[in-house]
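Presented sequentially are two complexes of subunit A, the first with subunit B as partner and the second with subunit C.
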Partner chain A sequence: MIKVIRKTALYAFLTIVAVASVFPLWFMLVGATNTTQDVLSSRLWFGSNLLRNLRDLTGVQDLTGALWNSTVNAVTATVLALIVCSIAGYGFEVFHSRGKDRVMSILLLAMMIPFSATMIPLFRMFSTMGLGNTTLAVILPAVSTPFMILLFRQSSRSFPHEILEAARIDGLNEMTIFFRIFIPTMRSTYAAAAVIIFMNAWNAFLWPKVILTSNASQTMPMLVSNLVAGYVTNYGVLMLAVLIASLPTMIIFLVLQRSFANGITGAIK
Partner chain B sequence: MRSSWKIAAIGLVTATAMALSACGGSTQPSSGHDTAVTGDSLTVWAWDPTFNVYAMKEAGKVYQKDHPNFTLNVVEVPWEDVQTKLATYAQSGQLDELPDIFLMQNNAFQKNATNYPQLFTALTDAGVDYTQYSPSVVNYSTVDGVHYGVPFDNGAAIAAYRTDVLKEAGYTLQDFTDITWSDFMTKATDVLAKTGKPMLSGLSKSVDLIMMMVISAGGSLFTEDGKPVLVDNEILGKAVAQYQQMVKAGVFLEVNGWDQYVNGFVNDGVLGVINGCWILGSVQTATNQEGDWGLTNLPKLDGVSSATNYSTNGGSSWAISSKANFGLAADFLKATFAGSTELYDTILPSSGALANWIPAGKSSVYEKPQSFFGGQPIYSTIVDFSTKVPKFTPGAYLYEAIDALSVAVTKTLSGGDAKAALQEAQDAVEFAQQ
Partner chain C sequence: MTITALTRPDTTAEPAPGDSPARTHRARRQPSRMRVERRRSLTGWAFLAPAALLIAWLNFWPMIQAFVLSLKTGKGARLNFAEPLWSNYARLLKDDLFRTTLGNTAIYLVIQVPIMLIMALILATILNSKHLRWKSLWRTAIFLPCAVSLVSYSLVFRTLFATDGFVNDVLMGMHLTDHAINWLGQPGTARFVIILGLLWRWTGYNMVFYLAALQNLDYSTFEAARIDGAGPVKTFFYVTVPQLKPMIVLTAIMSTNGTLQLFDESYNLTGGGPANASMSMSHYLYRIAFQNNPNVGYASALSYAILIMVAILALLQMKVGDKRD
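Moving on to the complex of A and B:
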């Protein structure tokens, strides 16, 4: 009897948590099909305004351009960051020395500096280099982050050194070992890192907003921000834009969900 | 381990020093600009595609009629991002990416023009006739007697009420016209008792209504020489007391978010709004309430000899940057926003963008009856309101003062001592000014 009561309480609690987690997504989904008045009156079922919202959204904003820019920025930053940070993390662990430990300490301290403190010097640097309003200026600061290097370094610790030694005895050079043995073995870590980097790059707002100065280079978070900048907010259109902006990260997360969990916990396949 | 921390600390200090040394640059205001009209292209930053951006694009079309080669590149940048960009550009000393013209919130104009003079160009030689604007609006973009902006978006305050519900409670729009706040309290309390609905609402941490009361009575949060006066400020004290009285009586409903605020009057929860006239765009999204609204002036403060029924909230002005093609930018603004009734006649019906430029208010388009407001010619009425707003001294730290005042009002509403709370607010503003 006590067991049944416990289970009932547990399921009731989990149901409440699940509803609380899913509710914002549901509200966003149905809101995308409703009018401003419906959204404001918290209507919780689908309306018939989806096409009109889409027409209004594409009428005032360059949706396809923003999607394309965000995709290019996020995919390029993810690929480059995976390569750079994994090589750095691998190097710190496998070619270990006291000097590298000290460099790592400095890198970790750099994690404590908020972006807003480095933004102005960074802007000055990119402007002086003539990279203002370029995709390169958006991507480069995201390519190497202390957190990602730390993640790969920690994961490299669980990489068996016996495999490394066996590969060296078999005559493989260090680059081949990294690309043909380390990367396939650490797939979960790469998946976890890819999800985090992609989400950060896709959602990046402050830096792109400062460094980009033309409508043509606008990204999805900038587009969403534009929709709430006016005197009158069309909440149906806003919900639709937020839904579209959220879909890629949701899809990436769902596809890599299992690997993400393994990667974060440090599992090796 | 100790040595590794030392190296880390040295690294951090070096990085910080490099970061700081990268900041800086010239802080001198722009001078010696060329007033000759040369070139044929301008870049503009503005926010809101259906309002400011649209208005600017239409201005481009008007200017193109006499200047066929003219091209205008309007970049959509929300206000918060304009502020972030300007601060970043000014502090990094890299001004190359500045546009020719940018839109600036009136409340933030003086602070930016004072703190970042290197971003602006004085409009002394722009040829704009400032006598064709209300002094209260020109004052926002004037620093030490020098004009830095061309006023655009009208922020004149209006009171709009649900006349259909008022009628059921036994009142007309006339009963809420040219009244004092104590009259308003009496009538609004009666309406609340009869309908169960509050007359007004607003964000709980906003002091917009208090500021509108202060401005309507010719008050300010600063002296002419920029010193904050939140303590022993008779007009502010009366405005805060009036606001608290309304909240406690339930005739003013405090809400927690903008969507809740709009939802209140769009979905029958609240019977009116008092705000800048730009709020009318949101009011009119309730298409099922067409004909049920009426527009009038604000109540005025009791017992203040300078009190009026007219105020302002918000609004924005165009500024010419220090990197601009000044001659062309000045000629463009003079010929459009400071000189074209055709422009204002075009943008009013499509976007509701109201002129600060007084000659525009005399156009027949402004006189047109609006069915949503029971046939009232609301646009000419609002332009008329805007000419009656008392002159306001915004002060360079207006946003900081408003934030501090907001904290003080919240404290007094929860039972704190009003004088002590206002003293704390004044101390906070004085600290921000240091």
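Moving on to the complex of A and C:
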């Protein structure tokens, strides 16, 4: 009897947590298809205002431009960060030495430097270099992060040494071993890292807002934020913009979820 | 994946894109007598050089520059060292708005981080149990908020908690209140909404880390505790928590760091309002550094205050993590 009650309580608790987690997303999804009045009167089912909201949104903001900018920024950042951090993590683990350990612990200190503390000099530096409003300036600070290097170093531990030795005996050079053997073997770590980097890059707000000052280089989060800057907010349009800004990261997460979980689990062994 | 396309089928000395310049200098094709060990060590350095140089250039160097800037005053490009040098810091101590934002950030930190980490731990423990059904459904639902950007969820919460919004409709429908609550218009409730938002967005994120750590633990420790007659609560405190301590310290440091730099929520959810009552330190920093009349020197001093707080709290947490072993 107690067991049944305990079980029911457990599932009830999980249901409440899950509903609370998903509800704001549902609200956003149906809100995108409703008028601003319907959103405010808490209509929780789909309406027929989707196309109208889309027309109003593209009327006031350059939606395709922002989507394009966000995509370029996030994809470039992800590819560069994956290469730079994974090769470094691999280097630390496979070519392990005391000197490299010391470098690693210095790099880990960078984890404690809040971005707020480097933002102003970075802005001044990139501006003097004439890099304001460029993709490079937006993504560079996100390319090499101690957290990602650590993730790849940890997961390199599970990379079998026999494969490495065999490849060396076969005469493959270190670069080839890394690209042709390590990367394919560590697919789930790469997937997990890619999910994290892409999400962070796609969702970044403060730094893009600081370094991108022209309207043409605006990203999705900046577009969404601008929608509430006026006096009157059209909530249907706002929910649609929020939905569009969230779809790419949500789809990527749902598709790569399994490898994501495996990658994280493998990395923190 | 895109990266595999960068691989070259041949093994000539041509450097691949993303390769470090250091490696091209390495005379790999020469029949040198260099010992294999030494060559490998150099390869290792070349592998980690791009990442290390980027961190030095974009983290450590600006950190030093920020300190120099924090000693300067002036507008625009004409910056001079302040007289006395520490005057920006002295001004910070007397700044009422800085105290308000510091207090707000402290409230967010002290209330939200512990609740979030405990919730995440409990959820991870539940999801790790072998007998639970629909595991991946629960996990997906609880993690899904993390896929939404901070700006997006801030605006969804802002809509939900609008005076004529969903939350008030529900509360009035249930007769819990007879008038609409102005959630974002009062200091206490505005801060409450931000805390609620943070909990919603980050609990699942931390849960994933705990879950991953739990899955690496030996499940037999839990079985043993059960056989010894320990209930779920005892097992949680005496078996789960001690084994997860490194991960708890890591997540605590990450959350502290994140909360001290809170910006998106303050800027988008409440706009820092009402009357700056819910503004975070980073939001204030942004305002001084980039809005109206930018004061780079003073903003840098504030940024250093944040840096010092992050460092102290991280050290404290690591100390606590080391003890009790």
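In this section, the second predicted complex is superposed on the first by the 259 of 269 C-alpha atoms of A that agree within 3 Å, B and C clash if a C-alpha of one lies under 4 Å from a C-alpha of the other, contacts with A are read in each partner's own complex, and residues count from 1 in each chain.
FYI, a residue touches a chain if its C-beta (ideal position, glycine included) is under 8 Å from a C-beta of that chain, and two chains touch if they have at least 3 such contacts.
Everything numeric in this text was worked out from a predicted model, so none of it was measured.
A.B. asks: Record, for the superposition on subunit A, whether partners subunit B and subunit C clash or fit.
C.D. replies: clash
A.B. asks: Go through the superposed model and pick first if A:Ala110 touches only subunit B, second if only subunit C, both, or neither.
C.D. replies: After superposition on chain A, A:Ala110 lies in contact with both partners, subunit B and subunit C.
A.B. asks: Regarding the shared-chain residue A:Asp101, is it in contact with subunit B (first), subunit C (second), both, or neither?
C.D. replies: Once the two structures are laid over each other on A, A:Asp101 reaches subunit B alone.
A.B. asks: Could you look at A:Tyr235 and tell me whether it touches subunit B, subunit C, both or neither (first, second, both, neither)?
C.D. replies: both
A.B. asks: Which partner chains sit in contact with A:Leu50 here, subunit B, subunit C, both or neither? Use first/second/both/neither.
C.D. replies: In the superposed model, A:Leu50 contacts neither subunit B nor subunit C.
A.B. asks: After superposition on the shared chain, which partner residues are touched by A:Ser246: those of subunit B (first), subunit C (second), both, or neither?
C.D. replies: second
A.B. asks: Regarding the shared-chain residue A:Pro121, is it in contact with subunit B (first), subunit C (second), both, or neither?
C.D. replies: Both partners, subunit B and subunit C.
A.B. asks: Tell me the contact category for A:Ser225 with respect to subunit B and subunit C: first, second, both or neither.
C.D. replies: both
A.B. asks: Go through the superposed model and pick first if A:Ser41 touches only subunit B, second if only subunit C, both, or neither.
C.D. replies: In the superposed model, A:Ser41 contacts both subunit B and subunit C.
A.B. asks: Quick one: classify A:Leu67 as touching subunit B (first), subunit C (second), both or neither.
C.D. replies: Neither partner.
A.B. asks: Determine, for the superposed model, which of the two partners subunit B and subunit C contacts more residues of subunit A.
C.D. replies: Answer, by number of touched residues of subunit A: C.
A.B. asks: With both structures aligned on chain A, tell me which stretch of subunit C collides with subunit B: 62-70, 242-250 or 260-268.
C.D. replies: That would be 62-70, the only stretch with clashing C-alpha atoms.
A.B. asks: Could you pull out which residues of subunit A sit against subunit B in one structure and against subunit C in the other?
C.D. replies: 39-41, 110, 113, 117-121, 123-125, 206, 210, 225, 228, 235
A.B. asks: Report the residues of subunit A in contact with subunit B in the complex, numbered from low to high.
C.D. replies: 36-37, 39-41, 60-61, 98, 101-102, 105-106, 108-110, 113, 117-121, 123-125, 127-128, 132-133, 206, 209-210, 213-215, 218, 225-226, 228-233, 235
A.B. asks: Please name which positions on subunit B make contact with subunit A in the complex.
C.D. replies: 3-5, 7-8, 11-12, 15, 18-20, 22-23, 47-51, 73, 75-76, 78-81, 84-85, 88-89, 91-94, 96-97, 99, 258-259, 262-263, 266-267, 278-279, 281-282, 285-286
A.B. asks: Mind pulling up the subunit C residues that touch subunit A in the complex?
C.D. replies: 1-4, 6-8, 11, 16, 18-19, 23, 28, 40-41, 43-48, 50-52, 54-55, 58-63, 65-66, 69, 123, 126, 137-153, 155-160, 162, 164-166, 169-170, 200, 204, 208-209, 211-213, 215-216, 247, 253, 257, 260-261, 263-264, 267-268, 281-282, 285-286, 289-290, 296, 299-300, 303-304, 306-307, 310-311, 314
A.B. asks: If we count contacts the way the header does, which residues on subunit A are in touch with subunit C in the complex?
C.D. replies: Per the touch definition, subunit A meets subunit C at residues 10, 13-14, 17-18, 20-22, 24-25, 27-28, 31, 39-42, 79-80, 82-85, 87-88, 90-92, 94-97, 100, 103, 107, 110-125, 140-141, 143-146, 149, 172-176, 178-180, 183-184, 187, 190, 194, 199, 202-203, 205-206, 210, 220-221, 224-225, 227-228, 235, 238-239, 242, 245-246, 249-250, 252-254, 257, 261, 264-265, 267-269.
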